[in-house]
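Comments concern the structure below.
For reference, chains read A, B, C and D in written order, and residue numbers begin at 1 within each chain.
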Amino acid sequence: MSEALKARIADVFNEPSCDKNQAKDATERKKGCSKPLVPGAAAGGCAFDGAMIALQPLTDVVHLVHGPLACAGNGWDGRHSASSGSRLFRTGFTTDMSEMDIVMGNGEKRLYRAIREAIARHNPPAVFVYATCVPAIIGDDIDAVCKHATEKLGTPCIPINAPGFAGSKNLGNKLGGEALFEHVIGTIEPEVVTGADINVLGEYNLSGEFWQVRPLLDRLGIRVHACITGDAKYRDVASCHRVGLNMMVCSTALINVARKMQEKYGVPYFEGSFYGIGDTSESLRMIARILVRRGVDASLIDRTEALIATEEARAWARIEPYRAALQGKKVLLYTGGVKSWSIVAALQEIGMEIVRTSVRKSTDEDKDRIKVLMGTDAHMVNTIPPREMYAMLKRGDADIMLSGGRSQFTALKAKTPWLDINQERHVAYAGYDGMVTLVAELHRSLTNPVWQELRRPAPWEVTDREAERTALLESAC
Amino acid sequence: MAEIIHTRKSLTTNPLKCSAPLGAALAYLGIAGSVPLLHGAQGCTSFALVLTVRHAREAIPLQTTAIDEVATIMGGAENLEEALLNLTKRMKPRFIGVATTALVETRGEDIAGDLKLILERRPELKDVRIVLAKTPDFDGALEDGWSKAVTAIIDSLVEPPVAAVPLYQQVNILPGVHQTAADIEWIVETVESFGLVPVVLPDISGSLDGTVPGDYIPTTYGGTSVEAIARMGRALHTVAIGEHMRAPAELLAAKTGVPCTVLPTLTGLGPSDEFVALLTEISGRPAPSRLRRQRSQLLDAMLDGHFYFGGKRVAIAADPDLLTGLAGFFASMGADIVTAVASTANSPVLADVPAARVVVGDLQDMEDSAAASDAELLVTHCHGRQASERLGVPLLRIGYPVFDRLGHTHRCTAGYRGTRNLIFEVANIVLGELHEHTPDEFAHAKSIVEETRHAGATSATC
Amino acid sequence: MSEALKARIADVFNEPSCDKNQAKDATERKKGCSKPLVPGAAAGGCAFDGAMIALQPLTDVVHLVHGPLACAGNGWDGRHSASSGSRLFRTGFTTDMSEMDIVMGNGEKRLYRAIREAIARHNPPAVFVYATCVPAIIGDDIDAVCKHATEKLGTPCIPINAPGFAGSKNLGNKLGGEALFEHVIGTIEPEVVTGADINVLGEYNLSGEFWQVRPLLDRLGIRVHACITGDAKYRDVASCHRVGLNMMVCSTALINVARKMQEKYGVPYFEGSFYGIGDTSESLRMIARILVRRGVDASLIDRTEALIATEEARAWARIEPYRAALQGKKVLLYTGGVKSWSIVAALQEIGMEIVRTSVRKSTDEDKDRIKVLMGTDAHMVNTIPPREMYAMLKRGDADIMLSGGRSQFTALKAKTPWLDINQERHVAYAGYDGMVTLVAELHRSLTNPVWQELRRPAPWEVTDREAERTALLESAC
Amino acid sequence: MAEIIHTRKSLTTNPLKCSAPLGAALAYLGIAGSVPLLHGAQGCTSFALVLTVRHAREAIPLQTTAIDEVATIMGGAENLEEALLNLTKRMKPRFIGVATTALVETRGEDIAGDLKLILERRPELKDVRIVLAKTPDFDGALEDGWSKAVTAIIDSLVEPPVAAVPLYQQVNILPGVHQTAADIEWIVETVESFGLVPVVLPDISGSLDGTVPGDYIPTTYGGTSVEAIARMGRALHTVAIGEHMRAPAELLAAKTGVPCTVLPTLTGLGPSDEFVALLTEISGRPAPSRLRRQRSQLLDAMLDGHFYFGGKRVAIAADPDLLTGLAGFFASMGADIVTAVASTANSPVLADVPAARVVVGDLQDMEDSAAASDAELLVTHCHGRQASERLGVPLLRIGYPVFDRLGHTHRCTAGYRGTRNLIFEVANIVLGELHEHTPDEFAHAKSIVEETRHAGATSATC
């Protein structure tokens, strides 16, 4: 691993805004905060994966993966981040390094040529170059290649140094953020500055869900300069440093970017969520309050409250028909991070009971919120091994599980309703409308008669039981 | 319990129904060495023939008594006689199935009497088994004609049982008109897997499944043999599929004493279980492991597929048994049957359709209701394609006819395997309609006042 | 059968323009010319079918079938006649008479109400009402109902009296034409009369093929007032009596209309074809010549020749690449009427050999043309029974069969290439481009390697033969 | 003979290839009680896992040695040991299939040596059969990884034959990576119909066919048992499907003396015939009548379907064997293979592709070539959907992955039945694209000078 990468990882680990870090002493802090991976028992994505997740929704740039095929080939074209403009980000680019490239040390040359080819064909505003394990081991200097290419070809080439072995997906998010901060943010001055500009960090616009939120802000005269990164354009991200406020949507993912922007450009930030009615309202309030503090006309507060009142009333009215069927239903929430509490609040709002919520990727602050919401921390769990999860669901400890696609089949094979709340879903849950959608989806899933069907005994279960009884009787004689 | 709505209109627009004589002809095509003969004008046969050729993509040996102006006035007995003689001479069939049409029935002729006299008079016909079903076009639809023909076959050809003990473990299967060759293959395979010997009447899987014979054969090749029909009294049990097969099943029971069970449909987990439970009981054997695995695969398909059914607004139009079976299947997977249109009111099962209303009507009724209820999927035969285009709603083609797609008869929707396949087919239609979201979809957020159907619209694309 | 219908049939049978009739004496002529149907050996459509075929491509009217379901229900939505405007003609309308209607004698009432409902919903320029066998037997007077409805509802209702038992499809064509002549043609005066206006009779615009011809006429300044009936509008047909010329495309189908229009309105007619390069040119020449004779500027002749020269050269150039593969290939042509010679000429143009052409629905004039084309009448056949056709093809007497969909499977089961040249095809064969398309289709079909594949012996054919041999040897011992 | 074109570009755009370790993992998933273990960073496993879960719609027991920064520098032996111990303890597998990745192979470690030492050192591992395949991502694609894993399994687990005479009529089947569960079911059924007993290696029809077990099982449930693998030497014959299975088949032959035959593909009439002829020869029995009927049905499907293939311009992109098999099938039905793109050059069969050129490239190459050659149908895995949208040309999804449709593994494209189904599927895609003609299509006639592609365009929609 290059010294530069080591230093960058150390820097990320040392994140002062990370509440976990704040509780550690200096030595512990140096070790970093990513949990060590257990061979034969690890599950998550790698740092490269994390960097891609954080940056790929920059829709108009070329995302070029430097490495052998698997890194790009097995992973591209999988998420439902939506774009209102360019679809270039959905194109998979890789150098597809061959054995020859590795043996002959041709990696850098190949990378440079690949960058040139990509620019020649697609003329993007920038090329994002992702390092992966193999070039990192053989010492390809992607920073140098990017620098050279930028100069030679006139298109910014952004090196993202997050090879898979460096650590977890989470670390990769941050390394992606670092690259943005170091090479992109602040490189262009914005054409328009309204005073009521904000950025939203850590919002990937899954299934276009941010489009349920953005118009609310539009109505209040708040301009979203850049969503980092969801339906984002390169120029907007590069010129996002003059806004009045950064809102962090996915707490830990890009916290380093938010902090560094505060340090360098004086942009304050806060952490909020657009999942659930209460949290959406709270986030709007926070934005309004901070912007007013930063000089926006004070009427914004009242206008925000008026909007909230209308929207909440409307959302509740639309939710009402579903309430009776959902009330008291038991939910197993298996996600983490900000969703571990924001969805809890949302589900409680409609009278559902949370039997467990996982706090795998949650911060201490996240956990505190859950404690407040649920009155106890008894329901917080870390990882639930699949066997245990299956047993819980089979026993009927929960009526439905909400999680990402990976644990889907544990729930389904236990014949238990399941809803996707992570990246692969095709449904938009953000904002007021999103909450109504979530409730409708919960209702649809829980009331589907298929669950009764599935639990119908097979014809031979009856027969076999009888046969067993007979056999038992006979053997008893 | 669904309310049955009889529309009071005089105009039928875009017919849903196919006529009863055609249903009878299809049944006769499931007999080996057979020629169906429609007793009517040559157009009656011509329309039925062209449609069936297009549906089955096979040459179809369908004949006509060619009633003309003279016969219309004088009566059709002579034409019937001439037709029987001509086609027996030319085609050497083992079996001729006669089905009457509205034309001869309107005159109220005694066709059964005519036929009796002809057979007495004509020794040339003694080696052919000739069966008559009275199927005027103005009464009922495809299911009715099929049922009447099978009833007529049983009435004419089944012999009273001679021995007290059945010779082997025979089970009679009376499939409904909408069973494809693949459905029958599944049924046969499943019956055999219990050590039972199925006799299927009629068996279009032997005659209309698309094969290439080595030589020219003017009649059907394959199908139930008249000998096997004669021996249906030797079975342990008769299983009829669909309420429209109750009449023939009960006649067979009355004639032979073979007990019968009418299963409303074989599509869906529950109906498949019922069938398997029945075979278990009849055979006294446990279900074989391949069948158990099939069931497990179906459960998995239900789990994977239910996302694409839940809350989906479905419009179905079909003959009563097909409608009821399909509606039950869709409802069991979580879909809402927002439109149910039956071709006829001739069935008690219509009340079982899991919908508020069943309209007895045509494809225009389906189209209007589907539009009004924002249906997201149309389910009917291929004549629904025009409505599908106009509404911009995808069509699941099922029933008769399906002439604009290939391989319909090799499509199984019966039993564990068929239900699994149907789930995939529907899910893939839904998946094919999925699109990437655009900002415009989130209409409410943009114009906050206007209440929109967005929640439903988005979540529908789960 | 009503007296009116009998009279109308007699009139049609007595067609003086029919060359068969011209050869008969008065007694024979009275018997009519439709062959008697053989019970148990008949195949074609009925008179009602024929009337529908002739009239249904009137695209903007309601075609309402009065009868029990089968007549409309088993037959609608089957042909590929194309429309550039309304698609109303593709909608199936029927009174779907019930037993009750028949027993109670409610047929006429039901029909009237059905007409009213159709007009209320679709507001067509006219309603065409087709009688079928059952109402004809019970004596429903559709003429009276149509007259009443026309007066009462203000929309022309046209009775078409062609019940199935009346005779063959061919007769039905003519009865349909009678109805047009009697109730439609001449009822509206045309808005435009250019002097170079023509009608085309008996062209159904299958797969839109007339759209390959019409622009040729457009270019010559010849206006097609109405195509009867293909992509036809009611107003155009109703006002088609002021043209300078009628061209008959399908010789026997609407000859009565052409003759009567000549008698009543003085419109001359000729018979031609747009199938094949030579015939297309010949038809264009005839049109030009007659129109010039009728007063159009004589330059039309030269312009027509120039167009023909360009188009023929272009077509031949496009056909050339296929010639080598098609030359000498043997064709079994199983159609009838005008196609029996027009397609013969077309195929001979590219060097194919016609082993048989059926003359089932052909006139003596048609037959004469074939004799001239083929130098002998040895290749003319009437109906070929399927068994014989199968044997011929199996023997390899022909390399390909051209026919309608009904005999398709006789050819295919004999593993012989087959091309649809009748109503159900999806390919447009008219005009110069159509001939190129036909040649391309022939080439595609004949050169498809699937025919070799299909004739590959099954694995057991080898084995079984060996087994037979062994058994034979053993039994010989 | 096709010219093989190696593009000289450095940039791969829209990868066609899936990596070799993933192919190896898929093979290991066809063993009963198995856990595949990728020796690399956790991302290597995570990407492969997510993709396979989406493709198979099943929980997949795929594990990682989780190579981190330290192991990258110090070597991965410790991680391998820890992973084997951990997952043996937690999941109690009967079999662990290790596949290396580019990460550990780039360092050039002696992983086989490491594994040997670990097994000597660790008695806890003695009840698990552990197999190692060296599958760096930079070498080959899915077919290569699958082939290497099967070779490794045979190398490690097959025992030398003990008796001179086989105990029963066993036939070994080595399916290729693109065989679905349904393909294997057809193969098994067909082999059994000759009175032979098939042993399939690997058998994903037992493990990835979508079932719902009654209890939680952390490893694969179903698949080839290690005992059956051990006894593969007792077979009469080995049949390998696809050139990529030649290496394992020949190793098996060398190790046990069981003769082997490599069939390039099972899709198409000719290939199906070859398979049946081989089984006839091995068994010495005649083909059963159901198989004969299947062949006849296929002939009929070819007759009915050829209209929709003849002259159709098809673009195919796939791994070498899949590409060659599909291209051969399409060409045999009369289609023109206007674009053929192979994921790798690792196969001698590429020269057999019935096309002028085979490009070794990516989906961008397919898209560019398909656009340039006016392709009317794209054939590749589901990543082709973007190209399909952009070009407005329909996509036949085939290969790996297919994550945007349900039931892929129950889709049979092997043998008489599978070929019949594939013909229907393609024909129905073509039929689904048919539209009514409009005057504008007949462009030449309107502007007589301009030469247009009309003849081709219209006739294509026959």
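Criterion: contacts are C-beta pairs under 8 Å (C-beta built on N, C-alpha and C of every residue); 3 or more make two chains touch, one makes a residue touch a chain.
Each chain and its UniProt protein: A, C = Nitrogenase iron-molybdenum cofactor biosynthesis protein NifE; B, D = Nitrogenase iron-molybdenum cofactor biosynthesis protein NifN.
Predicted model only: the values in this text are computed from it and were never measured.
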Among the remaining chains, which ones contact both chain A and chain D? B
Of the other chains, whose C-alpha centre is the longest way from the centre of chain D? C
Between B-C and A-B, the pair with more C-beta contacts: B-C
Based only on mean CA positions, could you tell me how far chain A sits from chain B in angstrom? 51
Calculate how many whole Å lie between the centre of chain B and the centre of chain C, each centre taken as the average of the chain's C-alpha atoms. 33
Approximate Å spacing (C-alpha centroids) for the pair chain A, chain C: 65
I'd like to verify one number: the distance from the centre of chain B to the centre of chain D, where each centre is the average of its C-alpha atoms, in whole angstrom. 38
Which positions in chain A are in touch with at least two other chains? 413, 415
Would you give the residues of chain D that are in contact with at least 2 other chains, written as numbers and ranges? 57, 212-213, 299, 303-304, 434
Mapping chain-to-chain touches, which pattern fits: line, ring, star, complete or other? other
Quick check: in the complex, which residue numbers of chain A touch chain D? 1, 36-49, 64, 67-78, 87, 90-99, 101-102, 110-111, 113-115, 117-118, 121, 133-134, 137-138, 163-168, 385-387, 390-391, 394, 405-406, 408-410, 413-415, 424
Touching chain A in the complex: which residues of chain D? 9-15, 17-19, 21-22, 37, 40-51, 53-54, 57-59, 63-69, 71-73, 79-80, 82-87, 90, 101-103, 106-107, 136-139, 141, 212-213, 216, 218, 362, 383, 386
Where on chain A is chain B touching in the complex? 80, 82-84, 207-208, 211-216, 219, 307, 310-311, 314, 318, 412-413, 415, 425-428, 431, 433, 436-437, 440-441, 444-445, 447-450, 453-454, 456, 458-460, 462-464, 467
Within their complex, state which residues of chain B touch chain D. 57, 209-213, 293, 296-297, 299-301, 303-305, 308, 404-407, 410, 420-421, 423-424, 427-428, 431, 434
Sort out for me which residues of chain B touch chain A in the complex. 269-270, 273-274, 276-277, 280, 286-287, 292, 295, 299, 302-304, 306, 309-311, 331-334, 434, 436-439, 441-442, 444-446, 448, 451, 454-456, 458-459, 461-462
